[in-house]
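Down below are the structures I want you to see.
Shared chain: chain A. Partners: chain B in the first complex, chain C in the second.
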Partner chain A sequence: MKPAILITITSTVVLGTMIVLFSSHWFMIWVGFEMNMLAIIPILMKKYNPRAMEASTKYFLTQATASMLLMLSIIINLLCSGHWTVSTIPNPVASTMITIALTMKLGLSPFHFWVPEVTQGISLSSGMILLTWQKIAPLSILYQISPSVNSNLLLMMAITSMLVGGWGGLNQTQLRKILAYSSITHMGWMAAIMVYNPTLAILNLTIYIMMTLGTFMLFMHSSSTTTLSLSYTWNKFPLMAPLILMLMLSLGGLPPLSGFIPKWMIIQELTKNDMIIMPTLMAITALLNLYFYTRLTYTTALTMFPATNNMKMKWQFETTKKTTLLAPLIVTSTMLLPLTPMLAALD
Partner chain B sequence: MALVHRLLNGAYIFRHCPKPSASCPFLGTRFAYYCSSSLQKPEAAPGKTSCQRNSEGDLQGHHQREVALDITSPEEKPEVSFDKAIKDEIKDHFRRLKDDIVNHWIGPEGRPLHEVLLEQAKVVWQFRGKEDLDKWVVTSDKTIGGRSEVFLKMGKNNQSALLYGTLSSEAPKDGESGCSGYCAMISRIPRGPFERKRAYDWSQFNTLYLRVRGDGRPWMVNIREDTDIIQRKNQMYSYFMFTRGGPYWQEVKIPFSKFFFSNQGRIRDAQYQLLLDKISSIGFTLADKVDGPFFLEIDFIGVFTDPAHTEEFAYENSPELNPRLFK
Partner chain C sequence: MMTYIVSILSIVFVVSFAGFSSKPSPIYGGLVLIVSGGVGCGIVLSFGGSFLGLMVFLIYLGGMLVVFGYTTAMATEQYPEVWLSNKAVLGAFIVGLLSELLAVCYILKDDEAEVVFKFNGMGDWVIYDTGDSGFFSEEAMGIAALYSYGTWLVIVTGWSLLIGVLVIMEVTRGN
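This part shows the complex of A and B:
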């Protein structure tokens, strides 16, 4: 893509999200969502092949449907409340429809079917943007309307997302699909705590974005899209193997890595709100995710799969790929747990 | 001879046996005696054919046991029960769903992950019985009014499949078709429980392996990807397969990097790599414009990893022909 076009499209994506974040007018929020969706389509189709076109079409159809639903709910809210301002939504129909529209954009169950298909059909860099940047706008709106959201609906969606994300990722060998199901599960965790402590959802989102960005960057560095290609890492880039190990376990929420912070805080917050069964279920379903993260770790870092050469390490040429942000992302994704007492200010 | 006599009189217990038909010319009057006597037994359950399983080594077996010979009584009409058929179909789907869930727990494709990752060769289709033929569909230009004929049957000793027929390039006289003459054999799309579409994941292999025996004609191997979008049903990736003819089997190895992209039967200027994670079906097409009979015998179709083959895609796109790809 020509640099001028790339800059225009990227800035439109960023601008769309910023408009959503900073607007208090429902119509402008909808405009921001539309700008963001239309601008991300060429980024998804960066690798111009039939699979990418199919993935972009599926993404467009689901997001357009969610936008239509959002617009309808905005109009219903306008009819009931008489204003366009983003505040508590008095009408339960409008708040339910807005919740459904936003969860459709996020890829929460039962509107999750597009996430693995779209992520699998696009390149790693496009998938990175899809699973990180594209989550910011819908979650920010959920954050703003969290007092008036139907809590039962959101909690049901959260728990089913965790189950679907854990179960669906179990026997995947394609890395992009694994990260897609990981995204569904993490969105479930965020949705679960949104009703009780929205700030924790934002914390979860921040840490999730850091971990996912780091993981995608590592995969892009080694051009790995399948578990098998990742299992040759010991032969190609030996340093990457422990980094993948730490990132995967952090995604799984194991202490003493950063991924444990949101899980710990969320379970603590839910138990403070007299919920026992829900956090127990959430902790158990997290084991499903941990299983396939650990399996990736096993094939990458803990075993040496037979490689195509007889050498200890492949001859390494100087890499031309930029790894500017990789080091700080890995540090923040794995070593932030000691800072957790500072987060007590969130209470 | 004595052994045959022993087998005929001792090993087979039967129930509803008609008069001996042309399918059992070796049986004598003794068989007929047993047949007629079994018809008189009141306990025989109606509606069951006489051909089915063999109860071994039981001379004095109960009259309700079934015969090994493939004979259907003409006096009994098979019961067609719509409700039973639906119930059986539903039970079958739920059983497949249960197997699906259990296999999902075990690993990809129902096998442990390390087994899938370490696999370097895999037979995807082989022809050892009639049920293997059910996974394939044969088609020819007869569907558009042409005169080609194609058939598929099991080969000798049930060790291969034989695709044979007659190719005719005579165009159908419908006023709009200018050319004709093709025959094809296409694999059915794999289906899961409740007819959910499935796809093959061949991403860890890089070469297609075919063991065939042809008649010297050039065939086209076509691979289709799984798609949910309607227009993509016309897209496929193809490569040539030249058969040698002659009595010896031929092992054809086609790297997946060699497959070129075509849409609606036309090779496109913009070429894309065949992505192997969602393969829907494979097919063989004959359209060499040579009228006459043809045959192709297929032993098995498999995929394997050739470590010496490192090419990712054999074709490159031209900026002059496709400037859109280089924007």
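This part shows the complex of A and C:
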């Protein structure tokens, strides 16, 4: 893509999300979502193969349907409340429909089917933008309407997302699909706490974005999209192997890494609200996710995968790829746990 | 007849929606879109919005649909599907019409229905009055407000249209 067009389109993606974040008028929020969706389609279609076209089409169809639902529920809200301000939504029909529209945009179960297929069809850098930046806008709207969201609906979506994300990622060897199922699971955790303490959902989003950005950047550095190519990391970029280990375990939510912070806070907040079965189920389903993260860790950093003999003796060239911001991202994704009391000030 | 003009136009509107949603070939879909656009313009005109109705005719029908018609004429096939040629299309059209008819009958049966908002009998379909409109035409005031209070909206919509064109160029580039 020509640089001028790429700058315009990328700035429109950012502008769309900013409009969603900073608007108090429901119509402008819808406009922001549409702008965001339109502008990210060429970014998803960077490579002109049929797989990328199909992924972009699927993304466009689901997001357009969600935007239509959002518009309908905005109008129903206008009819019942008489104003266009983003606040709690008195009408239960409008509230449920807005929740469904936003969860379609996020990729929560049962609207999760597009996430693995779209993430697999696009390049790693586009997938990075899709799974991190695109989650900010819908979650900000959910944050703003969280007092009026139907808690049964959101909790049901959350627990099914965790189950789908855990079980779906178990049989995958393609890294992009694994990260897609990981995204579904993390969105489930965020949705679960949105009803009780939305600040923790934003905390979860922040830490998830840092971890996912770091993971994607590590994969882009070695251009590995399968577990097999990730298993050559010990030879190609020896420093990356323990970094992948730490990031994967942080994604899985193991203490003492910072991936544990959101899970700990969420379970604590849920038990404060007299829910015992739900956080137990959530903690147990997090084990499914942990299994495939540790499988990736195992093949990358802990064993030598079966490889042909000439893979074991490689010329070690100096890397020419820029690793922008990779070091701070890895540090923040793994070592933030001692700072947890300070994060409570995010209120 | 003038009492029922909005009702008749709305019926034609809704039937033409069923007509193009049943997915005939794009040429026939465009034809029905013209009909629905014209009838929609008539509905807007009946509520006093003369400027906006003429905008619909000029920009929507006279600009966008003309371009759409040209592109479908370039991409047309030898035997385009019409509503009577394919059982699927005919079936979808009839299902659409029947479901609309059923919705009307459900609402008319009790003369009052509440699905999402209250509907108070046939009177609501003839005159939809939301209150006093003052001395100025609401529609003209709205358009004037777009260029005074709504400057940000104009900027955002203009930028979105530009981005729409750029995105379409990028997507259809193909190399």
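Just so we're on the same page, the second predicted complex is superposed on the first by the 337 of 347 C-alpha atoms of A that agree within 3 Å, B and C clash if a C-alpha of one lies under 4 Å from a C-alpha of the other, contacts with A are read in each partner's own complex, and residues count from 1 in each chain.
In the analysis below, contacts are C-beta pairs under 8 Å (C-beta built on N, C-alpha and C of every residue); 3 or more make two chains touch, one makes a residue touch a chain.
Here the structure is a predicted model, which means the values were calculated and not measured.
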{"item": "First, second, both or neither for A:45, with chain B first and chain C second", "value": "second"}
{"item": "Contacts of A:76 with chain B and chain C, given as first, second, both or neither", "value": "second"}
{"item": "Which of chain B and chain C A:34 touches, first, second, both or neither", "value": "second"}
{"item": "Which of chain B and chain C A:5 touches, first, second, both or neither", "value": "both"}
{"item": "Touching partner for A:19 - first (chain B), second (chain C), both, neither", "value": "second"}
{"item": "Touched partner set for A:173, first chain B, second chain C, both or neither", "value": "first"}
{"item": "First, second, both or neither for A:156, with chain B first and chain C second", "value": "neither"}
{"item": "First (chain B), second (chain C), both or neither touched by A:86", "value": "neither"}
{"item": "Residues of chain A at both interfaces, chain B in one complex, chain C in the other", "value": "1, 5, 48"}
{"item": "Interface residues, chain A side, partner chain C - complex", "value": "1, 5, 8-9, 12, 15, 19, 28, 31, 34-35, 38-39, 41-42, 45, 48, 56, 76, 79-80, 91, 93"}
{"item": "Chain A residues touching chain B - in the complex, by the definition given at the top", "value": "1-2, 5, 48-51, 54, 57-58, 117, 120, 167, 170-174, 225-228, 231, 295, 299, 305-306, 308"}
{"item": "Residue ranges of chain B in contact with chain A within the complex", "value": "104-109, 113-114, 116-118, 201, 203-204, 225, 227-229, 232, 235, 261, 270, 272-273, 275, 277-278, 307, 324-325, 327"}
{"item": "Chain A partner contacts - residues on chain C that touch it in the complex", "value": "116-117, 152-153, 156-157, 159-160, 163-164, 166-167, 169-171, 173-175"}
